[in-house]
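Single-structure report; data block below.
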Amino acid sequence: MTIATFADAGLVLLVLTIGASTIFARRAFDAVIAFVVYGLLLAIVWVRLSAIDVALTEAAIGGGMTGMLLLGAAARLRAVEFDSFAAALPVRLCAGFLCALAAAGLAGALLLSPKVVLSLAPAVMENLPRTGLGNPVAGVLFAYRALDTLLEKVVLLLALLGVWSLAPNQAWNGIPGLRIYDQPNTTLTFLAQILPPVGIVVGIYMCWVGANEPGGAFQGGTILAAMWLLVIIARLADAPSTGNTWLRIGLVFGPVVFLSVGLAGLVLANAFLAYPPGYAKPLIVAIEVALTISIAAALAMLAAGPPKPVQQQ
Amino acid sequence: MSDATLFGLCGAALAGLGLYGLVTHPEPLRKILAFNLLGSGVFLVFGFVSRRAATAGVPGDPVPQAMVITAIVVAFAATALAIALVLRLLEQTGRATLSSDDPASATGEKGNS
Amino acid sequence: MPDATTSGGILLVLAIVLPVVGILLSLIAGGRQVERIALVVLPSNLIVASAIFADLWRSGRQLAYIVGDWQPPLGITLRADGLSAAMIVTTAVVICVIGVFAHADFDCRAEPFETRTSFVFWIMLMAIGCAMNLIFLGGDLFTLYVALELLTFAAVPLVCLDGRAETIQAALRYLLFALLGSILYLVGTALLYGSYATLDIALLSQRVRMETATLVAAVLMTVGLFAKTALFPLHLWLPPAHAGAPAAASAVLSAVVVKGSFFLVVRLWFGVMPGMLGFAGAQLVGVLGAGAILFGSIVALRQNRLKLLIAYSTVAQIGYLFLMFPLALDPVSETLHVNGALAGGMLLAMSHATAKAAMFMAAGLIYAALGHDRIAELGGAARALPMTVFAFAIGGVCLIGLPPSAGFLAKWLLLEEAIATGQWPWAMMLLVGGLFSGAYVFIVVSHALVSPQEPLKLRAAVPKYQEAAALTLALVSLLLGFVAFGPIDVLQVGPGAAMEVLQ
Amino acid sequence: MAFARDLFTVLALVAGALFFLAGTVGLIRFPDQLTRLHALTKVDNLGLGLVILGLLPQADGWFGAFKLVSVWLLVQFSGAVVTQLIAGALRERGPCA
């Protein structure tokens, strides 16, 4: 038992308490606040698990972006009195028992998992020089399991299309209704003038170092998306119409570059999504840059919500 | 107990909590929150798997880490879609519940009983 | 023996890349071009699927493609065995015909600008094609997770395409069930990876051992997939979601989408861990299937709206698909093996895909023509829309399993296996389910055949090609019974070939 | 030299932690929103400042030190803005209880 173990145990207790309060909090708004805190704590847990890439993603997307979405929704829903007819006690007890059973099963599976630990880590490290990358996680995402990453981008686009599809017919290709303040708020405007230049530099830096160090397209793209949303919320610029050609091009740019490089691999290397020897790293960096743009656009638009009908003012 | 196991068990507990919330909360927003909790618990199981494979020089298996990054992005997309659905429901009906007062599923429930 | 890319392997890449190209292109080209793009992509997809099938049939060996030239376990392999080939062709045919049918409702060129419903519908139809292909071809459990998510995000917006509040509610409920399903599946992959350091199906099936972690993973994944397939008692989301969507969307949801997660259950148990299910597990799955048949059928009988009746019939038919698990279990070795029951189950899935799509299309046409789908007031429909009612009836024949339909052949195969292994209760269940299907199809058709007191006034004329589309799929389902001797061969050959690779 | 550096780090971190503790107590115990905000800003400002100061000698070269100071400046900045926004929202809602 070291001090670190005690600190970890404390962290786990904190995470569990706050996690539980997102479930058991009386009001939805309190639960959402707890969830944002929970997301940040979880990022620390991932640091303790030596998964810095995941920690960055969790902090940026899991805590930050998801938290923002949930807060926005909770604020809108707070106006509605929710007729709270919680499930009857026996039902809850029964559900609680089953969920405890599931958790216990999972815990048992973890504790009883084979003592001989198999892992792909050696194989990943051994083949990493062929990709020219220094960050093994980037190697997995963009070389070994590139197909998953490519298709996951398509998932993101489909989700965005799904969100857009919830617009009323006449609002199609309108402007996403991300209105929080009726009037421009001077303090927020100030923030939105000062922060984005810094944020954009950080976002680009994140994407750039991703090839060799923790970071990459997801984390960088999320920061860029946050900056864009800040500018939109402060009303320094309107969100683009969902039919905007540049927006559409930005959204598909990353996947198109990814897919093109993948198909070029059929000719230049010997398989789909294979990179020609020696050119792997520049190609992967190019893909990451293109994806950063697309991820930033997709995440920001996902958070901005469906287009709203034009309001007569 | 290693730190990996500790966090893995934490993940299992969080998954159980999230599952409970997802099943019992009647309010859609709370269900979405619970789903996120369940998701993060499951991601910690990946973290356990990754960390357990740590050896000298390698802090953990990068494959599960990459999978978690993919899954976090997917979970965010799912949350965004679910919230958009809830808010659209609110816009149209002035309330946001999953309780079936629509004729379609009401007939189903009546047939059930 | 390490995998190698086989000669026709590039077809597998094409099957996944083609729809993706279609989706990306549609987003840039804008709404008025989307239908045109889809009408290029969907038939091309059918051609690729047929080529995969033909290659497999000719060579008798499974196809494989190593993506990015990274051998598993590090990389991802795409594989097509007999099951995938048969399913991929069926799905491609159904989606293609649905594309033809949907032209009337989602005509992109009818308006001078991009419209919401047509833009979303065509892209999502291509996305469902992509997701299904990936589910059939994916050789890696995490790739299959991505495929499941693709399917979910493509299917949910289709449920609430018309934007009515109750369909949005249905979509939300569907999304929550689907997300629960995927996350349970995901935790299973984490546990399997933790134990065996691979998610490649072929490698896993060699390494998998009877262990706590593996068992927990298998149970969680299966429950998750059951939720996505809407197997009783996790079916609550299905009827409102499938009945509320526009006809073309209902057809693709009911005929195609639920088969995705069903196929993964089959992959998991027959492909990854055939020895794990055991006698009790197989019986339990069978009981759930039987529960679905009884519950779905009885509730379907009590519906007074056509689309809901068909949706509940889907709940019942999904139950049928799971009856093959107890019948495919070898009683001595307690291992799931490739036999007539598996072939029958898969044939049933194919037959249901075509027949159910035809029935939902027919219901949609009846709704469009009559302005309602109340079963009691269908009188005269048969005279007004003979082709449509005929399509519905033929689809019904396939569900009931009358000869010469594919449904008959499928149930015959299952029955044979039930008798051979002496499992009489399941044989009874097969027959009872057929009777139920007969009852609810009969109710609808008999109402449609009645002459109304006053001449029926049609609200709108129904395009002939839509009726033809419905009838085509119904006939495909019927004729599958004749040509099934071919596909059955492939069904048997495929997994056998898969076994060779494993050894 | 190394010992002096580590000692400085430890002392600064402990001092920073004390401010965090005080700020948290304030957040929980203070009677109304404005005084709670006040407690929070002190934590951001001094607590984090001391932690960063303590970590500076351990930083990974000049670039690392620059990143640490940037973190502090960014937190300062966003903290100030957010506090303003919350206080503004409180004022709009009327006198706070």
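Letters A, B, C and D mark the chains in the order given here, with residues in each chain numbered from 1 onward.
Just so we're on the same page, a residue touches a chain if its C-beta (ideal position, glycine included) is under 8 Å from a C-beta of that chain, and two chains touch if they have at least 3 such contacts.
Just so it is clear, the model here is predicted, and its values are computed rather than measured.
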item: Chain whose Cα centroid lies nearest the overall Cα centroid; value: B
item: Inter-centroid spacing, chain D versus chain B (mean Cα positions, whole Å); value: 32
item: Centre-of-Cα separation between chain D and chain A, whole angstrom; value: 27
item: Chain C and chain D, separation of their C-alpha mean positions in angstrom; value: 56
item: Whole-Å gap separating chain A and chain B, where each centre is the average of the chain's CA atoms; value: 14
item: Chain B, residues touching no fewer than two other chains; value: 15, 32, 45, 48, 52-53, 61, 63, 67, 70, 74, 77-78, 81, 85-86, 88
item: For chain C, residues that touch 2 or more chains besides their own; value: 142, 146, 149, 153, 156, 160, 163, 168, 187, 191, 194, 197
item: Chain A residues counted as touching two or more neighbouring chains; value: 102, 106, 110, 113, 118-120, 124, 144-145, 148, 152, 155, 159, 162, 166
item: Touch relationships between chains, expressed as pairs; value: A-B, A-C, A-D, B-C
item: Contacting residues of chain C [partner chain B, same complex]; value: 142, 145-146, 149, 152-153, 156, 160, 163, 165-166, 168-173, 175-176, 179-180, 183, 186-187, 189-191, 193-194, 197, 239-240, 243-244, 295, 298-299, 302-305, 308, 312
item: Touch list for chain B against partner chain A, complex; value: 1, 3-21, 23-27, 29-30, 32-34, 36-37, 40, 43-45, 47-48, 50-55, 57-63, 65-70, 72-81, 83-88, 90, 94-97, 99
item: Touch list for chain A against partner chain C, complex; value: 102, 105-106, 108-110, 112-114, 118-120, 123-124, 127, 143-148, 150-152, 154-155, 157-159, 161-162, 164-169, 172-173, 243, 248-249, 251-252, 255-256, 259, 262-263, 265-266, 269-275
item: Footprint of chain A on chain C - complex, ascending; value: 5, 10, 13, 16-17, 20-21, 23-24, 27-28, 30, 65-70, 73-76, 113-117, 119-120, 123-124, 127, 130, 134, 142-143, 146-147, 149-150, 153-154, 156-157, 160-161, 163, 168, 187, 191, 194-198, 211-213, 215-217, 219-220
item: Complex contact set, residues of chain D against chain A; value: 70, 74, 77-78, 81, 84-85, 88
